[in-house]
């Protein structure tokens, strides 16, 4: 287990040296360990998208350092193609990027670009489609325009998975999905991380999602990482939440309210089960016998 | 087809006009080709597609938008002449539409391809005729440009138009009926 | 390298530069009309003298609108190679067509006459003048003003059944969607690059390869455009928009004495350019 992504004092300014210059990153420090599942949260315009575009070399550091799997992104002789295979980046609303007529062809685009033999491409496409939750046999010869929104997103996800990346970076993966597809997709992402041992980095505005998936959270504001820690550390710290105006998951909100009413609860217990246990614990104070079942 | 401008036609003309402007102001509107001019423009493709989908009037309006953009953004002196920049562009969509209507009953895909070819050549030929007429190019040079630039440009536009129409529109199947990765190995 | 993706952020169609000058405050309709007349006059002006006067006048326009001249020059700069190529072509091949005037040089097929030389110099000058004039127009008028101006100017065509209002609505929609599509396109280029797409790798003679490399961007761009169109159609129909109705405008323009005077001046100036027999 080593460090996969290491960012030191990264700065980035859009349209440098023009009157419209806009600093998006102002000295970011961050490191991600192999096999971790990391969430990046923060308000619109805090620099999240700019940051993740550095991970696969779409943007190169203007100042500071980015190291991905030991490679320095400032190195002029960097193997960009190799880097982009290693770090798969899934953009917001990735379904927009489908361009082939047939589902199979679209998923195969990346592997074919890598110049792999057709047999290998086929195996990768099969694997990627199954991973994304699409049946290879049933779906590969379907035209892309006839799919539903959720299916299109799976195809786009499979298109990135087919590169067999070590690190998967997702920008608001569940935005615009219905609750059911959202839940399914979250389950799949969890699977990539836990079963396939991929390092997962995702950007999200949905704190429930962050709470249930992430091992660690980075909070961004004004182009910097302003807080980091486990979900327990972040959501359990009222000051941080208020200072950066981060909405907490509903469970945490409820626990804070109960705490506000003077009951001793552990507000860091953000998971549904443990939050429920906390609530139950104050309903059954020590020493008082509960009056039968039913509460 | 309904006469005049319906809401649908207005919106589609506007949106494809936006694509024409976008292709015009970024380098994406050009594909390098092995000719004297060095570039095949693909900015006329919205006009062709507009003509095919929504008729000659829409094609003509998108052509007008393309013309005005190319006039305002021209870096080639030829297109800083409003006659050359705007007039020929009006006919791209119209010719594409007429071609498409003419052979649509034979085969939809052939019709789209031919429409794109004809639309693209309309652009080349009219621009060059006007360029000669306005005294920018000698007839000999114009012929050379017509052949070396016009033909590759037409080919490029057929490929792109067919790809756009085939993946986005539900008009029959042509070519491969299955994904490349289908079949036995 | 990183710059390659930033390109679409810089898009400006008519880069409005508000300085609040006299030119900026003119009625957009008058400005458009005056510009149109002036450009027509330039397109038909064949003399050295006339073109030099217009060149001087267009520089004056920059001063009047308090816009630095370098904005105009930046439009000329990328065109210099083309001007040179075109000039060489015209010099080489026009000798026997524009055969009037004195012959300066005759060598095989190459004939350079005073007329062909004039053609070369005048078309280069004309080009620079038109760039200057149209730059002043787009730098001093916002795109909204331009579309509204165009709509008012086209109004008389309405009597000939030309759909003036619809046309201006189309222009408004087109301009409205350019930044949206530019963002989409930037995202598209990045997304495709992330899964291994490369652009502009084929050698310049490999047309098919070059074209195929464009497909991952062009195809989604058109599809996104058509999807947006469907959404907008639905929204407009849901609000009962009917083409051809008369409608009022939030903002109206008032033509003042100053506007009239400007137009009159440009008209006289253009007529002069066109009619006056310049000695050179």
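Going by the order they are written in, the chains are A, B and C; count residues from 1 in each one.
Methods note: a contact is a pair of C-beta atoms (placed from the backbone, for glycine too) under 8 Å apart; a residue touches a chain by one contact, two chains touch by 3 or more.
Quick caveat: nothing in here was measured; it's all calculated off a predicted structure.
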From chain B, the most remote chain by mean C-alpha position: A
Dominant chain pairing [most C-beta pairs in contact]: B-C
Where chain A and chain C are represented by their mean Cα positions, the distance between them in whole Å: 44
Chain A-chain B separation of Cα centroids, rounded to whole Å: 41
Where chain B and chain C are represented by their mean Cα positions, the distance between them in whole Å: 19
Multi-partner residues of chain C (at least 2 other chains): 215, 219, 223
Residues within chain B bordering two or more other chains: 163, 167-168
Shared-contact residues (touching 2 or more other chains) in chain A: 99, 145
Sites on chain A touched by chain B in the complex: 99-105, 108, 112, 118-119, 121-122, 125, 140-141, 143-146
Of chain A, residues touching chain C in the complex: 14-15, 53, 56, 58-60, 62, 81, 84-85, 88-89, 91-92, 94, 96-99, 109-110, 113-114, 145, 159-160, 162-163
Contact set on chain C toward chain A in their complex: 1-2, 5-6, 9-10, 184, 187-188, 190-198, 215-216, 219-220, 223-224
Of chain B, residues touching chain C in the complex: 4-8, 10-22, 25-28, 31-34, 38, 40, 42, 45-46, 49, 61, 65, 69, 71-72, 74-78, 80-83, 135-138, 140-141, 152, 155-156, 159-160, 163-164, 167-168
Of chain B, residues touching chain A in the complex: 163, 166-170, 176-182, 185
